[in-house]
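We call the chains A, B and C, going by the order they appear; numbering starts again at 1 in every chain.
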Amino acid sequence: MKQTSQISIISAKTAKYIFMLFFSLIAIGPIVWAFISSFKTYAEINSSALSWPSSFNLDNYKAAFMYAPIAKYFLNSVIIVGTSVLVTVTLVAMCAYIISRFNFKLKTLIILLISASLMLPAQAISQPLFAIFQKLGIFDTKLGLIIVYSAMGIPMSFFVMTSYYKTISMALEESAYIDGASFLQTFWHIILPLAKPGLVTIALLQFINTWNEFYFALMLTSGDTARTVPIALNYYMGTFANNYSALFAAVVMTVLPTIFVFIILQRQVMESLTAGAVKG
Amino acid sequence: MKRKFVKRLMASALIGSMALGLVACSGGDNDKETSDDSGKIVLNVINYHVGTDYAADYYSYLFEEFQKTEAGKNVEFNFEEIPTTDAYNQKIKLLISSGDLPDIVFNGGNNITELAAKSGKVADLTPYFDEDPEWKALFDDTSLEFNTVDGKIYGVPVSKEISYIYYNKELFEKAGIEAPETAFASWDEFFEVCDQLKAKGITPLGMDTADSGWLTNLWMSALIGTNGEAGNEWMNTMYPTDFNTPEVEAAAEKIQTMFKEYTTADAVGGKYDPMATHFFNGEVAMFPNGPWMIPDFQEPEKAPEGFYDKVGIMLMPGNGMEMVPTPGDMVGATEEEKIEAAVAFLKFETSPENQIKALEMTGLQPVSNDLEIPDTLTESDPLMAQVLEIQNKAEVTYGQNQAYWYQNTIDTFSTELPELAYGNITPKEFCEKLTESAAKNQE
Amino acid sequence: MKVKNRGVWIVLFTMPCMILFAIVYAAPIITVLYTSFCNYTTFSGPEFAGLKNFTQIFGDKDFLMSIRNTLVWVLLQSTFHVTLGLVMALVLRRKPKGWKIVRTAYMIPNIIPTAATGVMFTLLLNPTFGVVNPFLEAIGIHMNQVPNLFGNSRYAFWTVTVTWMLYSGFNTIIFLAEMGAIDKEIYEAARIDGARPWQLDRYITLPLMRNIFGTCVTLASVAMVSQFDIIYMTTKGGPGNTTLNLPIYLYKAATLENNYGKANAVGVIQIIIGLTLVLAIQRLFKERNEVERRKNK
């Protein structure tokens, strides 16, 4: 009896690790492959996907810097994406709280509008937006892209956050109100600290979603002042000359810092997680 | 009472912000600088010849040199760079529908000329051509007609596009085949040679389907364009709508056979680059393409050393050659001063010297017919010299789908090719799909 | 809940979000709705044309195929994909050895630009030099004709599906955050009562995930209704129409046919399908949340 349960525990553990290993491998595989391929030549990339590069020279990395102002675009990306994350998280933290706690007449309309926007084709948005932005004088500015990205992040963050607020018990708020706390005090001192894991999560998601956005970054800018990393990547793809190795070099250079940012943000999630985790 | 007020406030704020959006929508012209402090004319240009584009070096040379000329010394360029023609065309279409075009509008294909002309956002260049007969004489009638919409010339063609067959001399030798001087006399002879190559374990042809199916398009255009008068006329028609002609159907049938018998396993669903690499690596014997590919033969990154010397050139069977005028660059400026400066640049771009320069630097074929080719070219680039020579031997010329077909029909061609290749649809059905697709533009 | 000045707070807290939202989305929503009833092209402004665009697209079998594919992808994504994310979260929740690495690794595919992912997959699956042949050989299958995964209509749909289906890191992150919010005393109490580890998950964790599972399903479905990039980078909807979905069909109408009216009609259908899904899913996962529970007391 005892033996069989031991065996089942061991096999469950093995299954668990195989599961983790498999999905880590298929997840890391592509980026590792891109890293290896970034040292290959055009001919090597287009004739063998699995071979090792003939030599590990850094020419492709040099080429990646040569074609596009990649460092500048990277900085732009950091500013634009960073600000949009802050804006989205702040606004959604407020809006979603109301939606999760109160019933009012326009609530359904708000939810419907936000849902509808998730399905709007980018091409249909770009035309009116192009005209509006020129009128407002924010075409080809970082501010313009920040506005678009912040708004684009609203729907998804909104859904996640509304659902997260619902997990927070209302008993705390009620006792706060009985103690005479104001709405703002309750929100600031009681709700927000509890909502931190949710907020960090939407920050993460918003960061990932906007970091790779290409279409609006191209349509709503015309110069280097507001262009972002995804546009730099396009410099390596020509009509009759796709420089895949430089493309992969650029991908590696832009993805690595992103992963660091990601790890730092995730540490935040983890800290809040320790509260609820169990040893199993 | 209070509640009602709040609701009304919310509703009106919502409507207000929506209205703001609509009002802003109706307008849309921005103030552009006419000239900077030093009194120079500023021309806005969107340049897609950047990054790994084949003509990036040539265009940066051109802009620099222009500013050294009499007409260009007062001109300052204000560049926007958009890498890849795909992204460039998207942006230009957005500008055509809701913005202002740059002062000089490079032509990235995609039927941009017609769209821009119909929108009224590009200048009619006819008077400038009439004013300067010497300039106008550089272009033949076909090239200008190709850039004319409703009787007005809108585009200045800067080059001609031609294509033919590159073959690997070494592989031909290995199979004991003697390559023809100019071309195989007939397609039957061509396919016989394919069989011989195949018998020696050599894959005869390079083909593809992805993106736009460029290589397959060149084969198919050749099959139609060399098929008698009817076929040739069809392949020289702008925006064809009936694909169920005997010639097109016959070509589709041949294409199906070529996919099944004569090409690499990755041709179906494949993109251009891996196919080109097959040719560079000596894995396929014949490869259709134009002169812009020649610099690649010497590129150590792409082709093995000494590959340049292994390449031969021939026309398509029956002495056929694809030749189309290119869609020309346009002028989007609205002020007289700027239009003139832009036209001056286009004149500079098409000057005989720069046409030769473009040929040397990028392989772009001169749009003008009787330019004097410097002898140095024969020495420095014998293949290119051979291209210039062999094109005079073409007995029939015809277009190709990217120049003449509707955009969506080119796309249908590319997505239906795999179905044809695997025999999931018959050649006749394939042509029906193309006809249906072309009809969508008439609705 | 009794809050002073309830209405004022509602306005103050929702307004900033709605204003930003309106700046970007108000004009597009109205434009799309209106111009879907118009003749409208790249070079000519909108002119009212009644239901023409709608009758046209519903008469096109490619359009019907694109709806079908979209719905199949929604179904697969909202079931298999989300569940995979949940299972991963359940595994990582217990912090087995190496969990931090796995959690970060699993998220990486979502950070890589789609343009690069598209190129990677097409090269990796190339039948002459990609991974397919070595893989088949390794598991003992020898084939004369190596299957062309993106190029053959028999495999293309599933190949495209695999490019996103297994990468569920997004959902894992969301589930992990939600699991972190569970009071650990509940687990302690259950364990003292002799509950097995899997019982903790089955009777405590999973029921509490119901709400967020609904959210993840909503987001996954909506993402599939507007899935575009990776399909465009790999197959462009082909071979034939086997991987055509609504956004690709819409893109083709707008950029290849220059027919904005038709494209926006497709957009309207896309919005209707999306909203229907959102409402249906919300109904399906409707939990008696605290607002209602208290009301019922």
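The criterion applied here is as follows: contacts are C-beta pairs under 8 Å (C-beta built on N, C-alpha and C of every residue); 3 or more make two chains touch, one makes a residue touch a chain.
Please read these numbers as outputs of a predicted model, since none were measured by experiment.
**Q** Does the chain-touch network form a line, ring, star, complete graph or other?
**A** Its topology is that of a complete graph.
**Q** Could you tell me between which two chains the number of C-beta pairs in contact is largest?
**A** After tallying contacts for each pair, the winner is A-C.
**Q** Centre to centre, by mean C-alpha position, how many angstrom separate chain A and chain C?
**A** Chain centres of chain A and chain C, defined by C-alpha means, are spaced 14 Å apart.
**Q** Distance between chain A and chain B based on Cα centroids, please, to the nearest Å.
**A** Here chain A and chain B have centroids separated by 37 Å.
**Q** Of all residues in chain A, which are in touch with two or more distinct other chains?
**A** 46-47, 104, 127-128, 132, 234, 237, 242, 244
**Q** Would you pick out the residues of chain B that each touch at least 2 other chains?
**A** 7, 10, 21, 24-25, 90, 97, 274
**Q** Got the chain C residues that touch at least 2 other chains?
**A** 7, 10, 14, 18, 23, 27, 31, 123, 126, 129, 255, 260 - these are the residues of chain C that touch more than one other chain.
**Q** Enumerate the contact residues on chain C facing chain B in the complex.
**A** 7-8, 10-11, 14-15, 18-19, 22-23, 26-27, 30-31, 42-44, 56, 122-123, 126-129, 145-146, 148-154, 156, 235-241, 252, 255-260
**Q** Under the touch definition given earlier, write down the residues of chain A that touch chain B in their complex.
**A** 41-43, 46-47, 67-68, 104-106, 126-128, 130-132, 134-136, 139, 218-219, 222-223, 231, 234-244, 246
**Q** Inside the complex, what are the residues of chain C that reach chain A?
**A** Residues of chain C touching chain A: 1-7, 9-10, 13-14, 16-18, 20-21, 23-25, 27-29, 31-32, 87-88, 91-96, 98-117, 119-120, 123-124, 126, 129-131, 134, 166-167, 169-170, 173-174, 176-184, 187-188, 191, 197, 200, 208, 211-212, 214-215, 218-219, 222, 225-226, 228, 247, 250-251, 254-255, 260, 263-264, 266-267, 270-271, 273-275, 278, 287, 289-291, 294.
**Q** Applying the document's contact rule, which stretches of chain B touch chain A when the two form their complex?
**A** Its residues touching chain A are 7, 10-11, 21, 24-30, 46, 50-54, 80, 82-85, 87, 90-91, 94, 97-99, 272-274, 276-278, 280-281, 292-293, 296, 299, 301-304.
**Q** Mind pulling up the chain A residues that touch chain C in the complex?
**A** Spelled out, the residues of chain A in touch with chain C are 16-17, 19-20, 23-24, 26-28, 30-31, 33-34, 45-50, 87, 91-92, 94-95, 97-104, 110, 112-125, 127-129, 132, 147-148, 150-152, 154, 156, 158-160, 162-164, 166-170, 173-174, 177, 182-183, 194, 197-198, 200-201, 204-205, 208, 211-212, 214, 229-230, 233-234, 237, 242, 244, 247-248, 251, 254-255, 258-259, 262-263, 266, 269-270, 272-280.
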